[in-house]
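Structures for review follow.
Note that chain A is present in both complexes that follow, paired respectively with chain B and with chain C.
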Partner chain A sequence: MTDTPTLDPDKIKVILATDCGSTTTKAILIQYVDGGYRQTHRGEAPTTVEKPFADVTMGVVNSVTEIGELAGRKLVGDDGRIITPATDTEGCDIYISTSSAGGGLQMMVAGVIAEMTAASAKRAALGAGSIVMDVIAANDGRRPHEQIQRIRDLRPDMILLSGGTDGGTTDKVVQLAELIAPAKPQPRFGSDYEMPIIYAGNNQAQGSVSEVFSEGGFDLQIVDNLRPVLERENLGPARDKIHDIFLEHVMAQAPGYDKLMGWTGAPIMPTPGAVGDILQTVARIQGINVVGVDIGGATTDVFSVFDETFNRTVSANLGMSYSISNVCAEATMPNVLRWVPFDMDERELRNHVKNKMIRPTTIPQTREALMFEQAVAREALRLAYKQHKEFATTLKGVQQQRTVGDTFTQETGGETIVNNMKLDLLVASGGVLSHAPRMHQTAMLLIDAFEPEGITMLAKDSIFMMPHLGVLASVHPKAAEEVFDRDCLIYLGTCVAAAGNVKAGKTAFSWSFNGHSGEIKGGEMDLIDLPLGETATITINPVRGVDLGAGPGKKVEREIKGGTVGVILDGRGRPLALPEERTACQATIQGWIDSCDMYVEEEATAAV
Partner chain B sequence: MAKAYTPGLLVTTHRRHRCRRILPIAGDVNVSKGDQVVADQVVAETSLPGDVNPVNLANQLSMPASDVMDCMVVKEGDTVEIGDTVAQTKGIFGFMKTTIPSKVAGTVETISPVTGQMIVRGAPLPVQVKAYMSGEVVNVLPGEGCEIEADVAYVQGIFGVGGETAGTIKMACQAHDEELDAKHITDDMAGAIIVGGGRMTAQAVERARAVGAAAIVSGGIDDADLKNMLGYDLGVAITGREQLGITVIVTEGFGDIAMAARTFEMLKGFAGQEASVNGATQIRAGVMRPEIIVPLDAAPPASEGSGRYEEGQLEIGRPVRCIRDPHFGVIAEVSGLPSEPAVLGSGSKARVLEVKLPTGEHAVVPRANVELIEE
Partner chain C sequence: MRIQAAALLACVLSVTGYAPADIAPPGKVKALNAPDDKGNQVEVYWTPSPNDAVPGAIQGYVIYRHKVETGEGLESIPTEWDPDLFAGSEPIGDVPYGVTEFVDENGEPDTTYLYGVAAVTENEQSSVTLASDLVTPRMEWINKGKIWFLIIMLTISGVLIWFVRHAKKGGEVKVRKIAGLEAVSEAVGRATEMGREVLFVPGILDINDIQTVAGITVLSNVARTSAEYDAQLEVPTARSLVMTTARETVQAAYLGAGRPDAYDENRIYYLTDEQFGYTAGVQGKMVRDKPAACFYMGAFYAESLILAETGNSIGAIQVAGTAMPSQLPFFVAACDYTLIGEEFFAASAYLSGDPEQLGSLKGQDVGKVIATFLLVIGCLLATLAGVSGPEKGSDAEPGAFHTSMQDATDYIKQNILGKEGFMVEADRGSFEETEANTGGGGDQ
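Our next item is the complex of A and B:
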């Protein structure tokens, strides 16, 4: 681990944090103001990992310089380094950072059975903030030579190998090791870099596995089994080891990171790992189920905490710039265009998509370009959430205690634990969601893509501050908690959505709160004002067959929170269905856009 | 604020260019420091370990893994051919023996008493690294490769497919905005680097491939044509390993877009000269753009134009390329750098700059939507 000096939290009054993303480096300044910690300024600049700069610290300095200009505080010294400690007019007391630049942390994982130990290994790698390039398993359907070829083609930063329960048979996991060793996987950075292998499998096989990796340029690290018994996962030791290796090996190889690591007052964390930490903390403290999404340029991360079980998935090629072309290919252009309420020339659009892919930092200048990007975003989010639901399941391979009542349910483990009806809070982050010109757009993108059911609070991480707070929590939990409460989440409002047997044009449910009341028909939406900071008790009476959380046709009475958007009443039913016919589809979309005030005419001061 | 940082593509008539030529694994370097090399010269070579073939002998012999060692006919390090017996059971009184013939040729790398698995490694795969660019070897990395330097003219494209190649520059279009079609491609362009102007059509690429051109370079290409050419829809811009028989480079982007006049004129000035090109593009971290490198006989005298602007800095009067609608592809001149963010037509607030368009009109565009033309 990187040694960092211990700071007295009481003496930390000015905190500078950056997140080095694959596209932009985002910096925030947190200051102790009027007896509490507040996020005061922010800045951003293109990330400079790539040539000709090939030095991540340049982007850091650029983003920090912008903050300095805005705050009237000199943060970068004449030597090009961040000034610490703080004085009244310059510098900061601590500088911390997360990183997903350089493609983030990329891993390959292997386990004996795809649905069991390999799935647990994947969960450990994802939970640590990694992108999982491939999962090798004895039963993954590939023949051994195909698996070896795949291992040879990949250039992971490290490999996590698991398999077997403690005390079980050893040969299968050793066999996996015997496939990996001769494949001699080459690391992404540095030819003199020994490929780190983390072994977190059957403890009885540690000796044999050590022998297999004793030659050939491997750096084998052994930790406790991540699935010591079928009924339980023990992902902590593997995750911790991944973080250690990320810092010691991977970060040290990326351009400029050796310098950056010398500047930070706490170990650099992988961005998604930090986001996961802060979301778990919130879910635990408030006792709620949370889904968080971070849609980036290259990937979309989905985090969920249901009944205290944390899951994270990374959809590697679902993003809004580097991968935008892949989103359109995977979702298909008709699916993207169904969200656009006007005609667009498909040839031109395809060229626009490719131009965005090759120049990923551009932003939509016109309303039409924005609406198209938001249509792509809905599809990227929808596909990413679908993948998440398929991954976030109960443990497979566990014997279920079944009663007579279960005889006909056919449940054998492995069902998704993601339940939209039980979802309490949906948090959005990532450029296309956080930087949407109107928060109504963010709210609608979330509802259209995630299709929450019943009563769900919607929020956004206004300036993608969760990673910064995740790492801040490791050095100054109080400051992290205060800033999270006051400045990080912006509550958009509450979505009240009907599930079940909703009939188009017929009443789905009636509602009342704060003296307002009304009815929502199938296929309709409505937006009711409930300002940020206010709460109300809503009473909902669904018609027979329609469910808003208490069961079909059952009355719901619950406290809801207001937000910058308000209360969105959604009678469209689940799953969302749009008309096949293009003109009818455009009219339907336009109706929803109007109902929720997604776009309003504002005076543009710039030429367009 | 009179200056601001923004990235751009490099187009220059002269730079001292260095390229690293590195083997994927350790091997032999064939050149010495100070050597003059030509583009297609092999500077380093090695052999990659052969393909690995696991053979589960315990399964095939129907016995516990721990008993497999007693049945082995070959040992680690032995060479086996297809059909050679690698293992044999003792049978019953010498009869009813089960023999396992090898299905692959290679060297027995390991035999595991834990899993009963034998690993046979195939013949080594030769790998050669060529100089790619004519120039002088300035650094030898023993066992790894070398670095080559030369005075070159250099054009960074925006996107390409296909790998490294070399050839003579031949102009196919007369103007920087002339569409490159099949009619512009002639039989004498075999082995050449064909330079067009505006969008290259699918027919032009096909014809260039048919005549045996090394590469084709132009301002733009249609996404649909690229998809047809590759046989799939490119999801992420990571290219360079396509086996198309030709390297394709676009300098500006997708759609009907003209090559920047300066780039066109520069390449025209080098018509008839040898050049090295690489279509490999990686638009992710560690970004890699396609390139056209023209080695020069000698460094030209410093011109007035070079070094006028600081690298990566937006400045008043500096030429920029608009890289997003509604001015996509237009080369304009920076006329103002307001420090305050402005509200765009999309409703977003962003930092902007003012540009003077070729028509003489002024426009406001987000800073994120321009790219410097680096000289």
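Our next item is the complex of A and C:
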């Protein structure tokens, strides 16, 4: 663990945070203004981790200098270091940073049973912000020689080995170690660097595992079992150790990071891990369930916190540029095109997709191209969320306690904990969502892809500030939560969606708030204005069989927040079903687009 | 018995040509091929003897049958009983007075018979009245009385075949998730992680019991999963034949999983046939070795709760499957997952995913839906007929609604579930009605 000076949170008034991405280093300045913390300025500069600069701090200094100029505050000293602590005119009280430069943290995990200890190990690795390259398990269907070959082919930054409950199987864990040791996987960075192995398995197998890795070439670190009993996960020690190794080994190998680590007032975190931390902090403080999504060019990250259980998934092949072909292949072109309200030439579309793949920075030049790209985004988000639901489950291998009343309602372990009806806040980030010409489009993309049920707040992180706030949450949770609420999120509005037996053309629910009232019919949507910053108490009366959160047919009365879009009333039912017939589908989509003012002429030209 | 004795006496008298003149014989006799049979039945009707109207004048009637051979000179039907011609004939049955019909169920298909009927007292017999026509019982290909069964059978068979073909073509055959079978990998995985064994108990009945066979099907899947996870599988049996079958099954499963080397036949063993001796043996094993996963698949009696409670106390994931209704509540309460009745028998199709088996399963489900539908409709109609009828003891005429409900109920009972076929046929229980139904001609 990196030793950092302990700061009194009450004395922190100026906070400087950077996120060193693969291409851009983004910096923000948070200051204590009028009795609260606010994000005041932001700046960015190209990341300089690659040659010819080969020093990440250069990009950091450049972005911070930009902020300093904007804020009229000197942040970088003459020695080229960030000035701490703050005075009235210069410096900051604390400087913090995250990093995903060079592909972020890449890990391989291993466990005895894929659905049990290996799944827990994967959760620990993903939660720490890593990309899981592969999961090796005794029941993964591969022969030992295939597993060894796969381990040899991978070049992870570290390996997390788990398996067995405390006092459980020793043989299988040692067998896994005996697969890894002879494979001698090589780290990505630094030839003199020993491959870190974190062992978080059966405590009675620690000696045997140590013996297997004693031959050299490995840096074995032993932590508490992440699954001491099958009924409980203990991911904290493994996650902490991943962070430590990330700093001590991985970051130390990257150009300039040793210097950067000396500047920061808190350990540098992998960017996705920091995003997860801020979402967990907000969910805990506000007592809500949150889902966050970050759709990038190559991957899509989905984060969720349901009943204080955090999960993160990385859909490695779902993205809007490098992975756009894969999205079209996986979702199939008819599924993509169902979101487009006019006929499109499939050959032209395929060319468009391939062009986007080889020229990832291009943006849509016409309204049609924008619609098509947003259609692809819907499918990418839908598939990523589906994968997330499959991963975010209750623990498997747990003994169930039954009564005779359970005769016909026996549920298996491993059921998803993602429940859209319990979802309170849905946060979007990533180019296609953050930079959509109209916020209405972002809101509709989220609703169509995630299909929230009941009453759900929609928001977007337009400048991707969540990573900064994730690290800040580790030193000053209150400041992080305040900035998250006031400046990080742009509230789009509230989605009120009917779930259950919605019949097309028949009333799904009636609603009233702020003197407005009306009815929503099955298959219809409506948009009601409720400005940003305002709240209202909505009363909803669903018809029999339709659920808005209180149960089928039961009245709901709740406070809702306004936003830049307003209140979106969705009577389409869940799961969302579009007509099979192409013409009818186009007419339906056009109807929804019109109802929600998704595309208007002025905005379409603005997008060009 | 008395009538039979009288008939024998009458037979003796008849073949000797003795025919008392003070008992009048039946008036007319008609013999008809019985409908919807396999060709062995003939229905005989007659008009009663005038003495039948006097109480105690006759005891009943005896029925004669004569097999008509070629060359017996029967170009025309004899009008009177000829003892010489019918020498050797014996009565084939008797009925008490007042009854004017008889069904001969011992005929041979496609054989021509001549029937006769005589009235008898305790020690006398009238002359024999011969049937007006010869009769030849014939087999009918379709029993019209059970035409509804044919329709239902064809429907279910058609649905079954359709689903099988649909599944074979790659069509989706949705079978609902059966938690108990889904949990097999979870239970075996738990045993693997905990470094303990998997215990499989295939019931206490022999291999000829269908539940044991179903249990062995599940054993195959458990063994395959155990082989893949490299978990230790233990199968104590209560019957030697079950042990042999289990060994074969487990060996095949290990081979299929590519782990024949991991198979150890000594882990599949026979304990005892004695119910509680076996239970004690298995229970002791559970307490000593603390298996992490216990499967109870087969026929169980009182030992079900003993085993399941022991498994629960040692913290094992338990999956049970049985078709014993009396044991199901115990399993449900004490086990993690329970396969109930039909779920247990559907295991084979569910686990294999074989299109033929899945299609067959789906077809059978449709059959059950039809049966349930009829049951519900029948109950509904009977209830409506009951509540809409006149009160007991009341002289009021039943209303039209009650009559129609009662008719519908009767139709289900007699036509769909009974032997009446599509339409209610007139009762052919008298000579006159038979005459009317057949237009006076015999069914030869």
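The rule is short, and it goes like this: the second predicted complex is superposed on the first by the 494 of 608 C-alpha atoms of A that agree within 3 Å, B and C clash if a C-alpha of one lies under 4 Å from a C-alpha of the other, contacts with A are read in each partner's own complex, and residues count from 1 in each chain.
To be clear about the criterion, contacts are C-beta pairs under 8 Å (C-beta built on N, C-alpha and C of every residue); 3 or more make two chains touch, one makes a residue touch a chain.
None of the values given here were measured: they were computed from a predicted structure.
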Touching A:Arg142, do we find chain B (first), chain C (second), both, or neither?
neither
For A:Glu115, select first, second, both or neither according to whether it touches chain B, chain C, the two together, or no partner.
second
When the two structures are overlaid on chain A, which partner does A:Ile358 contact: first (chain B), second (chain C), both, or neither?
first
Quick one: classify A:Asn62 as touching chain B (first), chain C (second), both or neither.
first
Check the residue A:Arg558 against both partner chains and state whether it touches chain B (first), chain C (second), both, or neither.
neither
With the two structures laid over each other on chain A, which partner does A:Lys521 touch: chain B (first), chain C (second), both, or neither?
neither
Applying the document's definition of touch, where does A:Asp171 land relative to chain B and chain C: first, second, both, or neither?
both
Comparing chain B against chain C, which has contacts with more of the residues in chain A?
B
Is A:Arg38 touching the first partner chain B, the second partner chain C, both, or neither of them?
neither
Does any part of chain A touch chain B in one structure and chain C in the other, and if so which residues?
170-172
The answer for chain A against chain B in the complex is residues 22, 45-47, 49-53, 62, 101-103, 144-145, 148-149, 170-172, 174-175, 178-179, 182-184, 186, 191, 208, 212, 255, 298, 317, 322-323, 325-326, 328-330, 347-348, 350-355, 357-367, 369-370, 435-438, 599, 602-608
Chain A contact footprint on chain C (complex, rising order)
177, 179-180, 182-183, 185-187, 189-190, 192-196, 228-230, 315-317, 328-329, 332-338, 340
Touch list for chain B against partner chain A, complex
5-7, 10, 22, 24-26, 49, 51-54, 56, 65, 109-110, 112, 114-117, 119, 121, 144, 158-159, 222-224, 226, 233-237, 253-255, 281, 283-288, 311-312, 323-326, 328, 342-350, 352, 362-366, 368-369, 371
If we count contacts the way the header does, which residues on chain A are in touch with chain C in the complex?
112-113, 115-117, 138-139, 141, 163-165, 167-172, 227, 230, 396-400, 402-404, 406-407, 410-414
